[in-house]
Amino acid sequence: MKEEKCRVVENININEKYYLMKLKTTTIAKDCRPGNFVMVAVSTTFDPLLKRPFGIFKSEPPYIYLYYEVVGKGSELMSRLKENDNLAVLGPLGNSFPVFRSENILLIAGGRGIVPIYFAAENYAAGNTLFLIYGAKSAGDLNLLDRIDSLPLKKTYLYSENGSTGKKGLVTGDVREIIIDNHINITFSCGPDAMFKSLNQELAGLAVENYASLEALMGCGFGICYSCAVKTRLGGYKKVCSDGPVFKLEDIEW
Amino acid sequence: MKEEKCRVVENININEKYYLMKLKTTTIAKDCRPGNFVMVAVSTTFDPLLKRPFGIFKSEPPYIYLYYEVVGKGSELMSRLKENDNLAVLGPLGNSFPVFRSENILLIAGGRGIVPIYFAAENYAAGNTLFLIYGAKSAGDLNLLDRIDSLPLKKTYLYSENGSTGKKGLVTGDVREIIIDNHINITFSCGPDAMFKSLNQELAGLAVENYASLEALMGCGFGICYSCAVKTRLGGYKKVCSDGPVFKLEDIEW
Amino acid sequence: MVDLSADLGFIKLKNPVIPASGTFGYGEEFQTFFDLDILGAFVLKGIYKNPRPGNIPPRLHETAAGLLNSIGLAGPGAEELVNIIKRVAGITHTPVVVNVCGEDDEEYLEVAQIFDALDEVAMLELNISCPNVRAGGKCPAQDGQHTYRLVKLIKQNTVKPLIVKLSPNVKDIVSIALSAEEAGADALSLVNAYLGLAVNLKSRAPVFRNVFAGLSGPAIKPLALKLVYEVARQVAVPVIGIGGITCGGDVLEFILAGASAVQTGTVNMVEPAASVRILHEIETQMQELQIKNLEEIRGELKI
Amino acid sequence: MVDLSADLGFIKLKNPVIPASGTFGYGEEFQTFFDLDILGAFVLKGIYKNPRPGNIPPRLHETAAGLLNSIGLAGPGAEELVNIIKRVAGITHTPVVVNVCGEDDEEYLEVAQIFDALDEVAMLELNISCPNVRAGGKCPAQDGQHTYRLVKLIKQNTVKPLIVKLSPNVKDIVSIALSAEEAGADALSLVNAYLGLAVNLKSRAPVFRNVFAGLSGPAIKPLALKLVYEVARQVAVPVIGIGGITCGGDVLEFILAGASAVQTGTVNMVEPAASVRILHEIETQMQELQIKNLEEIRGELKI
């Protein structure tokens, strides 16, 4: 974990408010694992003051890819960066999805939650059988489908809330059936809190190990400010940035 | 005077910390006159908070040119802008050098003070005979000489403090002689305060009308905040942004 | 359609946006940017009886997302301001507020009376809180008794609605607010700039002659919002929120915290047409948040 | 060569840069970024007797060039901190400062005594100024008598140097500073975070459960610098300046204003290796400004 000056190789507007940024790193790309994230200095001034957390979408040393949505001023500033611009990036941060062998793993991604899921799919295919559920609000939010097509996935289920692409409905709509039908014993998930909440209900009682990659408001990203607290079911808080972002789904109080 | 969204056409590093920026404006270019300046929103966030004042170097409607030196964080941010970036610009602001006919005008520029002087040279050549004194710390600060070569100037005197180009010495070193030799009756000057101070001494007693374009710390640039106060010899303050930036040299308390 | 009007009791404004004193000149300078009629009201630059040159420069220093100013209430004096106001009244129907200053109580009263007598003036704002006039940033708003005495004096001798502008540089702003209210203030505006310091490393001296200067701009917003919340809960008169407002959302935050209207300061210097944008944003956000009128949310912060 | 050392009287530090409590974890987290030995000292995250979960999220809200936090002093409790300190002492020789917290005077004393007895601790910092623990941001540093009583109690029962950390959210910080000094404080550190408010327009509620939260970061620098200047002029004990420091120039400004050393807060969260850069900048600037050592300029602001 280190702060590096990274060079923007490309920063492409994928669709609507979604961008894919390719960054040249020094050591981050070779050190990172699926689930890890980086803190990006979106500005060189004091406004915005804090770095912003973004999951690593793909690593291709010395390059990493970030797939991000413009939601506020930091991500907006990021979207304006161009080839050869430099920016300070801290990482890789956080833990990662555990490594398995010979398992049927279901990957579940809601919207930009595809980020660590994609990285996991690329890295954890060997020896496992992977399935993917990927859903979002509408076709405009369900991006990178061509890249996903070329992943070594046994089966992909696409959803959109408004039915504009894939099946109409929520990511979690058929998750129980999909798990049972495909003899899934592991899930990796990432998405908005509402998705985790409903996932937690849907998965209750199934003999599946569930790993969820969470988001939280972050101050530092490396465990010292205690801003990113998430309540655990056993009581007390965990830090999403350094205890996570990957937790057992059932350990979190939803 | 209006705030316009302008597009960066080019932003070229001329030399060391000096840049020449070409901006596409809506109405600023056609409304501006030599001496006018603009306030540039160097950032879209609150840091830096204030717009920065820059003189207009050249107008070629719908384009204006700014020639600027990187001295702090605002100008540094500006230097990073690239083709097709947009920025908010308020202008044209301030008064301008008066128009004359059939006069021998001496233009005096210290460093980046060349900005309104160049604009004046391009626009006030017709009917007048123009002379230029242009000096700076060193060769690295004495830029745009090729452009200056093609101005309709009767004679150009170049100076550098360290002698690395032109004559070694201050802009004001031979100004009395030059005025007398060339039967100058008007001067237009722009440069650092130290230059104005010494100019004011050198010119004392000569029958010349002297117009100086000043700099001052500016808050608003359009006359409402009273930040840019400059003390006049008659007592009281004038606002550099709206009473100036061009003043009679002898009206200012140096 | 949402209703943007802001009710101060003694006057109903078209909307809650009031450019603040010292950051809006005499109004007329903004004519080239927008039609002054769109504003709820506007406050003129602070005025003393006699012309004042203002402080020795530098008068300004930028800080992170903020601005330290030490203008020192430069101005043309009351007599000349009367002429300006007559001219301004010819170009807009928007209520004009005069920001009344004084070296002592007598001058405050004299200035207040001059503008109280002027038809073209809608309200007076008593500036007892300027940090840039006296040494160490001292001002009447730091003293409850002085505040009470001065407000009472003005109220007894004038008829126009009186807004009293409070300072954040006080031991207890709520008690000063209560003093002003008790003395008859029709409304309170808060806050004026925060006292701050900047140092010039080269000269090893303060940037400003007066040592301290007034901090304004986005940097102070969370601090000002807190004070507005505290004061608005304790007084019955309307409160006008001021401090770092730059967008429609900020205005709604101040209204939720208890303000009946707001004043926008530094943003007008930075972006002369800010009022147009802010008004537009308020309208859009009220629609999105399903707020029909401002009274519906004023002070309704859910604790 | 310039001399960076900072003299607090009871201890001479290698340099004036001390990462502040709550923004530097327990030190060890920064090992991957730089060698802790480069620091003047560092302050550990505030500690109570027992483990504390901290406040219900959200705990953070960004403002313009600032940060509102309501962490609520989450921590592992004194017993566990003793273990951590022993571990940390193994990796650095830099003086470690424990930020002592308490629900009441008794707990403050108990915690202070635990760390007073620990060889690996160089100094205690009494945190009587946390804005995020009690309702309305109340803290002992708002009351001169309480400050006096508490500082006296700790001093009478401990031997290590005691820094007392002051709050800016007080009626008169100089009088609190004098109370702390009179009661025996060996040094004063100021300021802790400023109370501020943020509103969530969607929920029409404050962003934070505690309503108010503590503002830190560059936004507060001019305000903090003013308070340090005022306090340093009035007390004889060394003052440690805190508030929005982000660069070497800021450090020198605080020293000129009267601080003997500084603490860097929010900047450590934003840029973990900030201390390295700041130290480098101080050295370069001292050379440029021809300052041989910090004592030469401390408090030497030319008024």
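Note that the chains take the letters A, B, C and D in the order they are written out, and that residue 1 is the start of every chain.
By definition in this document, contacts are C-beta pairs under 8 Å (C-beta built on N, C-alpha and C of every residue); 3 or more make two chains touch, one makes a residue touch a chain.
Remember, it's a predicted structure, so these values are computed and weren't measured experimentally.
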If we look at chain A and chain C, which chains touch each of them? B, D
Taking each chain's mean CA coordinate, chain C and chain D are separated, in whole Å, by 34
Chain A and chain B have mean C-alpha positions lying a whole-number Å distance apart equal to 52
On chain A, where are the residues touching two or more other chains? 45-48
By residue number and range, which residues of chain C touch two or more other chains? 64-66, 217-219
Select the category (line, ring, star, complete, other) that matches the graph of chains linked by touching. complete
Contact set on chain B toward chain A in their complex: 43-48, 73, 77, 80, 82, 85
State the interface residues of chain C toward chain B in the complex, per the touch definition above. 22-25, 29-30, 32-33, 45, 53-54, 57-60, 62, 64-67, 69, 71, 74, 217-219, 246, 266, 268-273
Within their complex, state which residues of chain C touch chain A. 64-65, 218
How about chain D: which of its residues touch chain C in the complex? 63-66, 68, 171-172, 194-199, 201-206, 211-213, 215, 217-223, 225-226, 229, 244, 249, 252-253, 256-257, 285, 289, 297, 300-303
For chain A, which residues are in contact with chain C within the complex? 45-47
